[in-house]
Each structure stands twice: as structure tokens, then as C-alpha cells.
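So that you can tell them apart, the chains are marked A, B, C, D, E and F in the order they are listed, and the count of residues begins at 1 in each.
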Amino acid sequence: MSERGELTHVDAAGAARMVDVSGKEITSRVAVASGVLRTTAEVVELLRRDGLPKGDALATARIAGIMGAKRTPDLVPLCHPIALSGVRLDLALGEAEVVITATVRTTDRTGVEMEALTAVAVAGLTLHDMVKAVDPAAVLDAVRVDRKEGGKTGLWTRPQP
Amino acid sequence: MSERGELTHVDAAGAARMVDVSGKEITSRVAVASGVLRTTAEVVELLRRDGLPKGDALATARIAGIMGAKRTPDLVPLCHPIALSGVRLDLALGEAEVVITATVRTTDRTGVEMEALTAVAVAGLTLHDMVKAVDPAAVLDAVRVDRKEGGKTGLWTRPQP
Amino acid sequence: MSERGELTHVDAAGAARMVDVSGKEITSRVAVASGVLRTTAEVVELLRRDGLPKGDALATARIAGIMGAKRTPDLVPLCHPIALSGVRLDLALGEAEVVITATVRTTDRTGVEMEALTAVAVAGLTLHDMVKAVDPAAVLDAVRVDRKEGGKTGLWTRPQP
Amino acid sequence: MSERGELTHVDAAGAARMVDVSGKEITSRVAVASGVLRTTAEVVELLRRDGLPKGDALATARIAGIMGAKRTPDLVPLCHPIALSGVRLDLALGEAEVVITATVRTTDRTGVEMEALTAVAVAGLTLHDMVKAVDPAAVLDAVRVDRKEGGKTGLWTRPQP
Amino acid sequence: MSERGELTHVDAAGAARMVDVSGKEITSRVAVASGVLRTTAEVVELLRRDGLPKGDALATARIAGIMGAKRTPDLVPLCHPIALSGVRLDLALGEAEVVITATVRTTDRTGVEMEALTAVAVAGLTLHDMVKAVDPAAVLDAVRVDRKEGGKTGLWTRPQP
Amino acid sequence: MSERGELTHVDAAGAARMVDVSGKEITSRVAVASGVLRTTAEVVELLRRDGLPKGDALATARIAGIMGAKRTPDLVPLCHPIALSGVRLDLALGEAEVVITATVRTTDRTGVEMEALTAVAVAGLTLHDMVKAVDPAAVLDAVRVDRKEGGKTGLWTRPQP
């Protein structure tokens, strides 16, 4: 957390910048983020069914999320381009929702929260796209970091509400 | 809405496909989507302050959202690449949240809900990125279509809850 | 086919150019291309098995192929960026090979052979990637146009060998 | 080669993932891949002639291949984004074919076979694009890894048929 | 030219937007832009020589410029993604400079000045890259629109100085 | 500077290649580049005014420049993809011009001149785009490296004219 209570991505004059991280250590880092697509029980049933036998409905979202993680620096203007050493994207079907969880690993100078959040958001958008003909009112909710590890700040876990 | 109660993006055998829209009419279409970044009153105050005099904090999110709309077919696997004729991205600062609204227009064969949702998600991710040093627990919520117009299905507005 | 027996993508002096197609008609066009990943019976068995229940192995290749079609103008320097109205990517498991077929549709000024070929090549590369730990000697063969329709030249089908 | 005779890109449940390579060593790695565009003697003659004096026909394919290597992680869903330290793309004109060879180097945690194969495929697609007006029946054949070096598995060369 | 003497890309409140062009007519449009890479006579001699026999030095810049034109909406935040119907990029070697000229055509709702300027800039950057080991002091100068045609404003030619 | 007085990006036969840098040291490197958008006093006044209160006009160019730096290897064919550890983009309003300065940092095997030049060029193109309705005759001038540090060649500063 910023010690100065300031937005680090803008300088003293308010101009946007990509913060210089040359001084940061290269360490192993992990971030886990999650989100929820809220839809209807009918849609979850369709996803479950289309998940068999070929599974492309859920696979499309998983793959889009993984590819999305790699596009993070292209999408988020002030993110550093970094090497990713692993990405996994889990989808859990609930009663009327799909819970999306992304785990991203790197060995680099910055954390990978943004990559994990982007994976979740892109997987969520892809689910939105696949269900929109049946449920145009679906909502992507609760896109957030759950846990991150590594780097100067060490382990952070989301405080219980 | 799909009349057959089926996911249109997978065929009878469950394989993913980009649906053939050649038969659809080229009409003027608009979609409005929104979302909310829930953070702290302190962060909103920083965004408001950094919004002056140069405003790069909020401008960065606005521009990322507009650019994100253009990247939709690169991110969402089964989306058609289409021409966009206009995009606007509004950010409204609340007490402890930022409300993001995207309006996307096209004159093409498919609707632009996905482009509007992607603009909102990418603007939300960018805000996440800018506030994460101060508020690592921020949450992107309620990413959804509010209204769409044009095409065969005509006007759709989100049902009141 | 070029009437002059010349490469149309280079001018009289030999310089590369993106040919001006403004004078061409906007018509409905389709192209079908195919290719074959030759591997081992063991790998085909793994693909078949991993194709169940979630099917991500084959789904990954299908989705990569569809997304690849959309990236054609980014990859092939002199290709025109065009709207695609539909893409499908079929994978058929043989004894020791996977046959890849892509069908791409547009309503635009140029044909979509390159998009269909790119879909096949990217799906083939993705299969290569997934099987390489088990079969580093896999080969992508016979990437070619099978049929195209629409535009001034009308229907073309691959001559029987 | 995978010791377990399993596809490493899908987990036990069949879900696609980008494998975690954090534990792998950073070593110098090289991969050589090749492929062949089979066309007609007439087209090879045109490529040879257009190769002079400005050479854009062949140069376009060489450059597309080099740029394609850099786009590998954008195209192949489960590929890791890695630094490339060198790429070369050779084109050899035969009687009625063009032999494409790519050599890619890195100093990173994963091999660069996929980058070399992608370079070959994209150069091949670009040749396809340039000759298609004269020879719509051209075929890209034999896209394969010839040799790779570095990393835990050390040197691998393609077995003689 | 804007009749109101205002920047059209920001709204009354100063927020950036992609201007709505749905009301604009689809017409044939052309833009010509140019620029100059100022370097040394020695470098021009190297470019001329390397231009023979394979010509990759100049071809690389030509192709990069053409591909750059296609990337314009990815680079320039408020540009509309549009179809390009033709791009050509000419390089003329002077005594100690290279004159770059790009001609871009479309049949769409907006002009293509930005695409022509981007083609020139990317070709110029590519020349910079190729000569920088020999002439680190090279300068890209005079990147500007020379002429545009089509659309509501009709023909515009650069006023003589 | 090349000791051999040769273009390093083409081999002895004139073929383009991405030079092998595996042997180069990983060191901290910085490059500063600049350029000038020449326009009218009226436009500078509009930029200054639109710079307040939300500042999107100038912010859009700053952000485009920073994002452009990250796209360098996608645009400049023979550039190595490298990690960037920091980017800043400064805009100074003069009487009838905007001076653009980019500072890019890395800790990698190659210098970042091209990334700094690309940031300047993309910021300049974005300014061009924003002022073109008011001043179609604006010119981007003097895009050049001012200073670079790090690597085998050490410090280089632009010679005074």
C-alpha cells in the first residue's frame, strides 16, 4: 500500500506515468482474483449441458481469460509488460451464477493482480457474450483481488467483510 | 433473445463458432452498459483531487475504456469484428464508488452490447490499477447492459429489479 | 486469377503495396480451407480422451483458429482488414492425424481465403503446442484453400489431383 | 517429452491452463522449424524476378515471419509470453516450391519451438497471399520442428524418416 | 475544419470521446501524408546498397508502414476503426535523407489522414531502427498531411508555405 | 555505433533479421527522445483551455504515448520484445507548438531508443488527430533521440548542432 496516501500512477503535477520499477526486486509472485457472473438457473443449466460432451461453452471462457491475462499491458495503460509464468482460470457453476477464479504467477519486478483481474474480467465478458441471447440481463459482479503474495509487501489476503 | 432457449455460440454438437450474421440487416444500433468500482471515500477524494488540474487519473480510465471497446473482437473469442461509429465513457464519482457508463454506436449487422460491456470492464480495470496501491480491496461490481436499441429485437431496457 | 501472370502485391517497380480494392463490389463471399496435423495414434487417443468431459484440448484449437481468423490483417502484411460475418472451425480426429477445416464468410470487397487459411494455420499451431510434449515430431501438412465463392471470379474449387 | 504420456496443457479434470514454469531454469535456447510452400514453377519464377531489384515479394514474407514469431503468445492460447533474443527467417526457392526455415533464440524459462513454428506458418501464409492470384492451389506443407536445444531436455533433432 | 473553433474529440466538459460519425456519408476517400528521415549521405548509400539485391532494408520500412496504417485505431485512442481499401508507401532516397510518402484509400464514414500519417510515422521509426547503429542522430521530420479528398469537406491540399 | 559501417539488421546477403542479442549484458538502460508538433497559437490555446478542468486533450496524448511505447515490437519489425520498467511522457505547450519528450527505462539486453521514439511518435499522432479539425496543416517535426545511457556503448548525448 502506498505510504503517502497518493495515487502512484500520476506524478506531483497530475500527469499519468508508468512508474519506474527498476529498483524493485525480481521475486516469485502470485495473485488470485475472482468474480461472479449472475445469470439465471436456466442459463447455468445450458452451460452445464453444453459443457458436455465438447465443453466449448466453458472452455471458451477459460481460454479467453487466459489469453486476456496476456493482453493486460495492452489494455491497462499504465501496467508494465511482464513475463507470466503460469495462469489458470477456474469456473464453478452455482445455482444461478458462475464463479470465476484466476491464479496468475510471475517471477518479475511487479505483482500480477492486474493480470489476474483482467483474466477474470475477460472470462466474465466472454460468458456474458455466450449467454446474452438467452439472458440479456446477466451481470458481472464482485471482480476483486482475493490474495497476493511475493514482492516487498508480502502476503495480502482480502479482509473478511 | 434466442427463441430456442439455446446457446447460439455453440453448434448442435457443442462446438464453439462465430455465428453467421450475413443475413442480418445493417442498421443503426446503440448499447449502453454500466458498472461500479466500489472503493473508499479516501480514494474517491484522491481521484477527485488528481482530477485537477490535469485530470489524468480519470482521463486514463476514460481513454482505456474507449480503446478497450475497439479491442472487443480480440478479447471475446466469438465476437464479430465490426465498425464502431462512436464511443463515450462517463465516470461519475460517488461517495465511495465510481460509476462507469459506456455508450457505443455502430451501423452494422450485430449489436454492440459486448463493446459497451468491454469498455466498462477495461475502464474498471484501469481504475483498479490506479487505486490498488491505496485500496487493494476495491471491487468492480454490477457490469451489465442497461439498454440496447436497433436490429431485429429493437429496444431492450433493463427490467427494474 | 491474375490475368497478367504477375504478382499483384508488388507494383511495376517491385515495391510491396496493399492493392486498391475500392472498385470491387461488395458481395457475399465464402472460403473453405483445410490442413492436417500428422501425429501419432497415441496422441490422437489423448486428444480424444481429453476431449472428454471438458474438451478443452480440442476447444482450445477451435477457439484459437476462430480468433486467428480475426487477426489475419495483423499477421499477413498486405491483407485488407475486413468484416467477417461468420467463422467455423472443424476438427476431425483420424487414426494418427487431426483434419482441420475452416469456413469463413464475409460480405465485403475481398475474398476470405487468407482468413480461412490463417484459421487453419493457427488451429494447427495450437494443436502442435498441445501435443509437443508427447510428440515433438508432429507435422502440420496440406494447408490449402479447398473452395471459394463470391466476387468477380465466382466459384473456385480445388482441382482433383 | 512428457513422462506421464499426458497432455500437459490440460489439468486432471481436462481444463486448459498455462502451465506454471516458475520452477524451470533460465537457459539459452534455440529452435529451428521449417515448412514448404508448394506452388508452380511459374510462380517461383515470378518470386525470383520480383525478388529483383527491390525484393519486396520475398522480403514481405521474411518480415511477416519475424513479426509473427513475436505474436506467438497472442495467437497460441497457452503459450507463455517470453523475450526473444533473435529471429531469422530464410527462404530458399526450389523448382516449384519455397522452403521456409526459421531460427529463434531466447534466454528464458521455456523453449521457442512454438515461436519458430509460428514464424514459418506466418511466412507461409504471406507467400500464399502473394501468389494466390496466380496460383490459388498453392499448399503449405511440412510445418515442423527440425531441432531444438537448451533447457532440461537438451538437444532434440528430428529423427530421420 | 471545425466551424466552432473547438477540439471535437473532447466534449463540453472536456472529456475525451470517440465522436459519433453515424450521420456521415460513406464515400470514397483518399489521404496522402509524407515525412522525411534526415540522416547522413553515408547511411543513404548503405540503404541504397542494401536495397540491392534483396532490398530488405527499404522493404522492411515499406511493409512496416503499410501494417502500421492498419494498426491506427489501436494506437490513436479516439480514431474510428475503419476498413482500408488500399495503402501504398513510397520511399525516395535523397542525398542525406529518405522521403516517405503514404497514400491511403477507404470507402467509409471518416477520412484516412490519421492512417496515412501513422503509415509515415511507423515507416520512419523503422528506418530510424535500421540506421541507428550507424547514425544515432537521425531525425524524423515534417510528418504531415499533403492532401485529402472525399467526404463533406471535399478536397484539401496543403497550402504552399 | 556499428564498427563495420553496415546496417546490422540485414545480413551479408541483404536479408532482414532480428539480430541475436543473447550475448549482450542485462543492464539498466534509459533513453530520452523528443519531437515537436507545430500547429497554430489558436490550437495551443485550445489545448491549454481543454487541459482544464479535465485535461483529456493532453492526457489522451500522454497515455497514447505510454501505450505506444509498449507496442514498439508490434510496430517496428526487427525490434526485440523487451520488458519496460518505466515510461514517462511530457508535453510542454509553447507558443504555436507542443514539445513532446519521452523517457523510457528498462533492465534488459537492448537499448530503449526505439521505445522512446515510438512513444513520441504516437503521442504526436494523437495530438495530430485531436487538432486536425481545427488545424489540418499541423506538422510533427524533429522526432529524435536526445540521450541514451547503459549497455556497452554507455552514455550518448545528441551532439549540439
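Note that in this section a residue touches a chain if its C-beta (ideal position, glycine included) is under 8 Å from a C-beta of that chain, and two chains touch if they have at least 3 such contacts.
Owing to the predicted nature of the structure, the values given are computational and were not obtained by experimental measurement.
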Remark   = Those chains that touch subunit E and also touch subunit A are B, C, D, F
Task = Same or different, please, for the subunit D to subunit E contact, judged on whether over half of the interface numbers appear on both copies.
result = same
Request  = Return the chain whose centre of C-alpha atoms lies at maximal distance from the corresponding centre of subunit B.
outcome  = D
Inquiry  = A-C versus B-C: which interface comes out with more C-beta contact pairs?
reply    = B-C
Remark   = Chain centres computed over CA atoms; the one at greatest distance from subunit A is chain E
Query = subunit A to subunit D: how many Å between their CA centres?
reply = 31
Message = I'd like to verify one number: the distance from the centre of subunit E to the centre of subunit F, where each centre is the average of its C-alpha atoms, in whole angstrom.
response = 16
Distance between chain centroids, defined by C-alpha means - subunit C, subunit F (Å) = 36
Message = Could you pull out the residues of subunit D that touch at least 2 other chains?
response = 14-16, 52-56, 59-60, 62-64, 67, 71, 74, 77-78, 83
Remark   = Pairs of chains in contact here are A-B, A-C, A-D, A-F, B-C, B-E, B-F, C-D, C-E, D-E, D-F, E-F
Inquiry  = Under the stated contact criterion, what part of subunit B meets subunit A in this complex?
reply    = 1-2, 5-10, 13-16, 35, 42, 46-47, 50, 52-57, 59-60, 63-64, 67-68, 71, 74-79, 113-114, 117-118, 121-122, 124-126, 128-134, 136-145, 148, 156, 158-159
Remark   = subunit E residues touching subunit C in their complex are 28, 55, 59, 62-63, 66-67, 69-71, 83-90, 105-107
Of subunit B, residues touching subunit C in the complex = 11, 14-22, 73-74, 77-78, 80-83, 108-109
Request  = Write out the stretch or stretches of subunit B touching subunit F in their complex.
outcome  = 51-56, 58-60, 62-64, 67
